[in-house]
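Input: structures, listed below.
The same chain A turns up in both complexes below, where it pairs with chain B and then with chain C.
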Partner chain A sequence: MKILVTAKRVVDPDSKIQIADTQTSIELDDVDFRVNYFCENAIEAALELQDEHDAEVVVCSIGNEDAIQTIRTGLAMGGDRGILVEAEDEVLDGDLVARTLAKLYEQEKPDIFLLGKQAIDGDSNQVGQLLAEYLSLPQACFASNIDIIEDGAVARVEREVDGGIETIDVDLPCIITADLRLNEPRYASLPGIMKAKRKKIEEFELDDLELDTTLKVVTRSMELPAGRQAGVMVSDVDELVNKLKSEAKVL
Partner chain B sequence: MSNGRIRSRYYTKEHEAFRSSLRRFVAKEITPNIPTWEEAGRFPRELYAKAANIGLLALGFPEEYGGTSVDGFYQLILTEELSRCGSGGLVAGLMSHGIGAPPIASMATAELKAEVLPRILSGQSISALAISEPGGGSDVAQLRTTAKRDGDSYVVNGEKTFITSGMRADYITTAVRTGGEGMGGVSLLLIPGDSSGLSRTELKKMGWWCSDTATLHFDDCRVPSRYLLGPENAGFMGIMQNFNNERLFIAVMAWAFAQLCFEEALTWAKDRKTFGKPLIRHQVLRHKLVDMRTALEGTRASLEDLTWRVDQGEWPVAEVCMMKNRATQCMELCAKEAVQILGGLGYMQGSISERVYRETKVLAIGGGAEEIMKELAARQLGWLT
Partner chain C sequence: MSDLFNPTDEHRQLREMVRAFAEREVEVQAHEFDKKEAFNHALFLKLGELGLLGITVHPEFGGSGMDATAATIVHEELSAVDPGFTLAYLAHSMLFVNNLAVNGTPEQCARFLPRSCTGDLIGGMGMSEPGAGTDVLGMRTTAVRDGDHYVINGAKMWITNGCINDTELGDVFLIYARTGDHAADLSSFIIEKGTPGFSLGQRIKDKLGMRASPTAELVFEDCRVPAANRVGDEGKATLCMMRNLEIERVTLAAMSLGIARRCIEIMNAYASDRKAFGQPINRFGQIQRHIADSYGEFMAGRSYVYHTSNALRLESAGNRLDSDGVKLYCSTMAKNVADRAIQVLGGYGYVGEYTVERLWRDAKLLEIGGGTIEAHQKNMTRDLSRLPRIL
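This part shows the complex of A and B:
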């Protein structure tokens, strides 16, 4: 079995985020980066399948050359090898990412393509779905549990839907996107980090993949949410109730 | 910083990857629990195995016994990042094998290493070091706990005190007198925690609450002679070498905690307003912050330099002693000023600086007190010959 899994490099949400002068991107100089949370769940799921089904796990990322480190994190967690498609964020949109990943699918022919359900920076939540469409493959998005059944022919996936769980079967090869509750991602261990140093990462330029790189979505502007107003201290419950009635008008 | 940027010429990408994995581990598995664990006077025993899982306990030990041999900067990063949890007791307790187990790795027989090191490095067993005695800690050569050979075992009598992980340790690396007076009569004996004749009393402390500290009583305590580390009466050198490691470890801890105090004070000084402006706009306070930063920068630079020298195979004993003093003084300065800048809040439980302030003295006393460090440095520099 072969699993292709994504590892997007995103700004760590714990960093202090500032908008760049252009108003269309984030200031990247003083922020920390990490693997997208949902991708981490996808990687963990891939590694669990690696153990159970002797699968090869290929970690791929699209990003600038620093995304190599993001891939290495996946390799340090236990991935077997990596693929980087080099491209700056500015020249990408969700659709182009999906079409790029489709090219990787055609090169690698994995049995399962695992992705995070969305990236925590753009929050678009569309790449997995677009990818399934472009490849005409079945999709199981927002997975909270994955079992491979029928001798590796079918993935039984539990999906979190409003107010409950839906269980669906999809034939392999398929696209699965991971939700947070799918698993508890492991930490890259020190021996894992040492081993990852020697694992192979193949690198492509976006141009190498012969894609139409015209964007369908262009970011026009970004703005920070309004700062929170300072709170007030109340002296007793009566005053609180009063304020909730007269000022906040919620009672 | 864990953004993958390399901080100085000593660090590689792998160092930074280790730092960032560790930072996440500490932020998620340790830091949120510290207030509870400090109150309880314990952290859960399972944490040893969790830490072992991501490779923290194996660092610097031989691979054949489950260790990972890496350069000294991994050790530095490990101590620095663990310390970000804000509790020295956690770091000292979780890492007590860092002082208890090196003598096993360097002096035990191959059989004994194979028996105990994998257990310690995988977090199954807890290791402690017992040198200090109620009769005195600084003057190690005068220790009074005896171990008398009787057939296939040693019979141990005496007391050890202030022992970190002393209540829970499964293997206690113990300095005992097997021969005559002075340093030439001292041996290191590994004492299993379940030996008959060993009892333990818990001690309450100013700081380091979540680490268990104990007095150990040996009352005709019987230990198989194969647990002797190295030849009989040749333990003193091992103890001294081990102190070097411990002192460097303490220096990194002190610097890391000083950093935390600085960060907390700086953030507060920017936020808190008095007399119509943020604290940092009052010259007296921002100069305090500059003094803290000055001490931190100097300490960091000399720590990195010393770590590098040790990696090159040097054992600069005098420099290690002075490093320990420099770093603990840096911590004392930063803790003191941070509490002052935080004002009343700095005296309240809940701020990092309040806890660190209570932890300054243990680092200036444990592992060789400040005065002893100066004395040893002077002697090592050849000033008394």
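This part shows the complex of A and C:
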């Protein structure tokens, strides 16, 4: 079995975000980066399948050359090898990312393509779905549990939907996107970090893949959310109830 | 992407991993284990799973095969959330595990290191005695050869990991003892829990800080230790001791860095939020001085520590000037920074909930343990007197 899994490099949500002078991107100089949380869940899921089904796990990322560190983290967690497609964030949109990943799919022919359900920076939640569409493969998005059944022919996936859990079966090969409750990602252990040094990472330029790189989505502007309004002190319960009724209109 | 504090990608990944682990799993228990003066054994075992317990040990013996800077990074990151727990880690990984890895025979390493790297054995090191601390060559514990054994008599004081709770000894120790009449005639021995004549004298309770690391007095009464447990040649342990003190002091200095960094983060955030006289208190000059001085001193200390660790070779001695120097500077720096953090937080700084109170108590130990600041001043001045020019 072979699993392809994504590891997007995103701005650490604990960093203080500032918008660049162009107003269309954020300032990347003084922020920390990390692996997208949902990708970490996807990697963990891939590694659990690696243990159970002797799968090869290939960690891929699209980003600038620093994204190689994100791949290394995936390899240090236990991935077998990596693929980096070099491209700056500005020249990408969700659709182009999906078409790029489709190329990697054609090249690697994995049994399962695992992704995070969305990236915590752009929050678009599109790539897994688009990828399934481009490849005409079944998709199971927002997975909270994955079991491989019928001798590796089918993935039984539990999905978190409004108000409950839906269980679906999808034929392999398939696209699965990971939700936070899928698992508890492992840490890259120190021996893992040392081993990852020697694992192979293949690198491509976006141009090597002969894709139409016209963007369908262009960012026009960005602004920070308005600062929170100061709270008000109420003097007694009556005033509180009053305000909840008349101003907040929640009672 | 390399810098002074993360000389290679592996160092950077190590820092990220330990920081994530510290924030997610160490932080949450720190206050509780400090309050109840308890060692968190389960958490310690997780350090083993992450490959941190044998960080400097060759992979052949179950370690991760990394260098002094890697050890420095781990101590800085863990100490930023829980210095007490970090001290127990240091006593195990630096004072016992690294010491044996550098000075032991392959047989001794094979016997004890694999289980120490997983955390199945909890180790410590005994140098100090009730009557001899700074004057370590004044130690009185003796080891007398008797056939295939040595008979050990005496007591060791202040031994971190000497016990793991009120009644149980730690598992295995490197103990220094006198094997001749000259002051420097010292030898070191691996002594395991369960060796006849080896017992827990007392668990030392009620410490000011570092309460999550257990401290004990160890007693040896006609304790018979196989000669095969002697580490290095008879009478030659002083060099082993001096060599290991270097990495001990650098990692203790790294603990001070963790404390200082955390205190600066806390006072900085607080001073931007807290308002007095209609404005955030970080608009006041005196508060600015607390914050800016702390950051400058912290970065100076941090640069000095990593400059020293990057040059430190674990298998060689001869870096005493700077391994003493980093601890001399950073221990007092962190104590002062913690003090300023309390000052900036006012009343809130004085209670446990805001963490700086605990860090302030923990910071003080680093001016005493692993050599007092006076001992560093003594050693450094002696070394400097032989160094007419500073290159």
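Just so we're on the same page, the second predicted complex is superposed on the first by the 231 of 251 C-alpha atoms of A that agree within 3 Å, B and C clash if a C-alpha of one lies under 4 Å from a C-alpha of the other, contacts with A are read in each partner's own complex, and residues count from 1 in each chain.
In this text, a residue touches a chain if its C-beta (ideal position, glycine included) is under 8 Å from a C-beta of that chain, and two chains touch if they have at least 3 such contacts.
Just so it is clear, the model here is predicted, and its values are computed rather than measured.
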{"item": "Superposition on chain A - do chain B and chain C clash or fit", "value": "clash"}
{"item": "Touched partner set for A:D207, first chain B, second chain C, both or neither", "value": "neither"}
{"item": "Touching partner for A:V31 - first (chain B), second (chain C), both, neither", "value": "first"}
{"item": "Touching partner for A:E88 - first (chain B), second (chain C), both, neither", "value": "neither"}
{"item": "First (chain B), second (chain C), both or neither touched by A:T73", "value": "both"}
{"item": "Chain A residues touched by each partner, larger count belonging to chain B or chain C", "value": "B"}
{"item": "Where chain A meets both chain C and chain B, residue numbers", "value": "34, 66, 69, 72-73, 76, 187-194, 196-197"}
{"item": "Residues of chain A touching chain C in the complex", "value": "34, 66, 69, 72-73, 76, 187-194, 196-197"}
{"item": "Chain C - residues contacting chain A, complex", "value": "1, 9-10, 12-14, 16-17, 20-21, 49-52, 55, 59, 64-66, 70"}
{"item": "Chain B-facing residues of chain A, complex", "value": "12, 15, 31-34, 66, 69, 72-73, 76, 187-194, 196-197"}
{"item": "Residues of chain B touching chain A in the complex", "value": "1-4, 13-14, 16-18, 20-22, 24-25, 53-56, 58-59, 68, 70, 74"}
